[in-house]
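After this come two complexes, each holding chain A, first together with chain B and then together with chain C.
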Partner chain A sequence: MVIDNYNRTSDFLEFVYGFYKTMKANEIRLAYEGKISHQITKAFIALAEAQMAEDQEAIRVQRIIFHVMVECLQNVSRHADDDKPGDNVYSGNGIFMMSKDSNAYYVTTGNAILNEKIPALKNMIDKVNDLDSPMLKDFYMKQMREGRLSDKGGAGLGFIDIRRKTGSKLEYHFLPVTEKISFFMLTTAIPRTL
Partner chain B sequence: MINYKSGDKIFFFTDGLADQLGGPEFTKYSPARIRDIITANPDFTMVQYRDYFMKDFEEWMGKFKQTDDVLIIGIEF
Partner chain C sequence: METLHIKPTEDVPEVILNQENEIFEISGMSLPEDVNSFYEPVLNWIKVYTRNPNPMTVFNFRFTYFNTATSKIILDILTILEEMVEAGHNVVVRWHFAERDQDMLEAGEEFSEMVEVPFELVTYKKK
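Moving on to the complex of A and B:
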């Protein structure tokens, strides 16, 4: 029994070390899984701020990173669906990560989403990715006046704003989970030269 | 070209105003909030708008820092 426990513990600690190495190798500065609330958002902003100050990141870049973080975290807290079979209600759970390399910071989120919502979401992101800067501005104005993507608000304004502020395309991926639910992942690059 | 009448008002603001984080749910001040303040108080003088926005913005920001430069300009014809 003692040996079993020992093995389990040592396996677990080896996993932790592997996890640590992966985080170091990918320069993952923040990672979180669970419920996303505004207190969590606030805490992440404070952590990110401290880290970027340490890295002497330009204030302009910091500002855009905060902005992207808040938009992405709000997307999860407002739109994440539950992945329990038969109980597909709003839940607000997800994963959040901030990482960096020599060129950019990356803000990545992941959350469960009902399959029926995927086409509209995909269309919105593809559209935002395809528009150039003046067209994005027009689209922003149009969506602000009349747009609605769902009853929880959100006419894609956050996506448009991220695209306008970073100049980057939003990259996404949907992974099937059950017949009702997929896992939606979204990542945005914030160039360090902005 | 804008056709305006006497008494019409135009407001311009920077994204620093709309993007300020704060409030009870730690969200952006938002263009919607700015628009709602203006349309809910159509009889305000420019001085009243200024005072209202300054107070409302400070309260929204609370103890969180100001993230960007902030400017709003109002013109009454």
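Moving on to the complex of A and C:
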């Protein structure tokens, strides 16, 4: 039993070391899995700010990363569904990652979503990705004028603004989980030359 | 009219709406957990104020950051101020931005295009 436990512990610690190396190799600066609450959002923003200051990143780049993080984290905390069957669809759970390479920072989120919500979400992101800068400005203004704040406090402006401020297309992927639910992943590059 | 003063925190701005001393200002960070409930008393105060406003109203926005949900609220406030202008009242919006904060300047320019209210873009040095 003792030996068994030892092996399990040493396997686990080897896993931790492998995990550490993977994070280092991909320059993953922040990673989190679980409930993304408003408190967690605030904590991440503070952490990311401290790290970027340490990296001596340009102020504008820091500001845009801050903004993308706020919008992405608030999206998850407002819209993430549960990946388990049941009546309580909303969960607010997800993953969050911030990583970087020599060209850009990457803010990535993942959360479960009801399949029926996918077409509208996909349409919105595709539309935002297809628009050029003046069209994005018009769309943003139109959405501000005509859009309603939902009871969850979303204004339907987050994706448009992320695209406008970063100049990057939003990359996304839906992975089927059950017949009702998929896992939605979204990643945004924030160029370090902004 | 009773003054509305909301103290700032790391995620909500300071709000001072003081008719007597002619201070109308929102300043700081705005990414509240629930924008609707945070700004509801602010919007209500301004709506009541418009019934019997001062001869001149200078409304100051001095954000260091606001999220997209807040931008919708800013437009709501500007729309109320626009209605005051249409009703013949004197209103000026002063949009303050830190020097070199290009995004905050552009946000001010875009808001100024969206409403018919005299708009001043004012830069300040970062502390």
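Everything that follows uses one rule, which is that the second predicted complex is superposed on the first by the 183 of 194 C-alpha atoms of A that agree within 3 Å, B and C clash if a C-alpha of one lies under 4 Å from a C-alpha of the other, contacts with A are read in each partner's own complex, and residues count from 1 in each chain.
Heads up, the rule we're going with is that a residue touches a chain if its C-beta (ideal position, glycine included) is under 8 Å from a C-beta of that chain, and two chains touch if they have at least 3 such contacts.
All figures in this text were calculated on a predicted structure; none of them were measured in a lab.
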Fit or clash for chain B plus chain C once both are placed on chain A? clash
After superposition on the shared chain, which partner residues are touched by A:Arg63: those of chain B (first), chain C (second), both, or neither? both
Should A:Lys137 be classified as contacting the first partner (chain B), the second (chain C), both, or neither? second
In the superposed arrangement, does chain B or chain C reach more residues of chain A? C
So in the superposed three-chain picture, is A:His38 touching just chain B, just chain C, both, or none of them (first/second/both/neither)? both
Just chain B (first), just chain C (second), both, or neither: which does A:Lys24 touch? neither
Shared chain A surface residues [contacts with chain B and with chain C]: 38, 42, 63, 66-67, 70, 74, 144
Of all residues in chain A, which touch chain C in the complex? 38, 42, 46, 59-60, 63-64, 66-67, 70-71, 74, 137, 140-141, 144-145, 147, 149, 151, 153-155, 157-158, 160-161, 165
Would you tell me which residues of chain A are touching chain B in their complex? 38-39, 41-42, 45, 63, 66-67, 70, 74, 144
Note which residues of chain B are touching chain A in the complex, please. 19, 21, 25-28, 31-32, 64, 67-68
Spell out the residues on chain C that touch chain A in their complex, using ranges where they run on. 10-11, 31, 33-36, 65, 67-69, 71-73, 75, 100-103, 110, 113-114
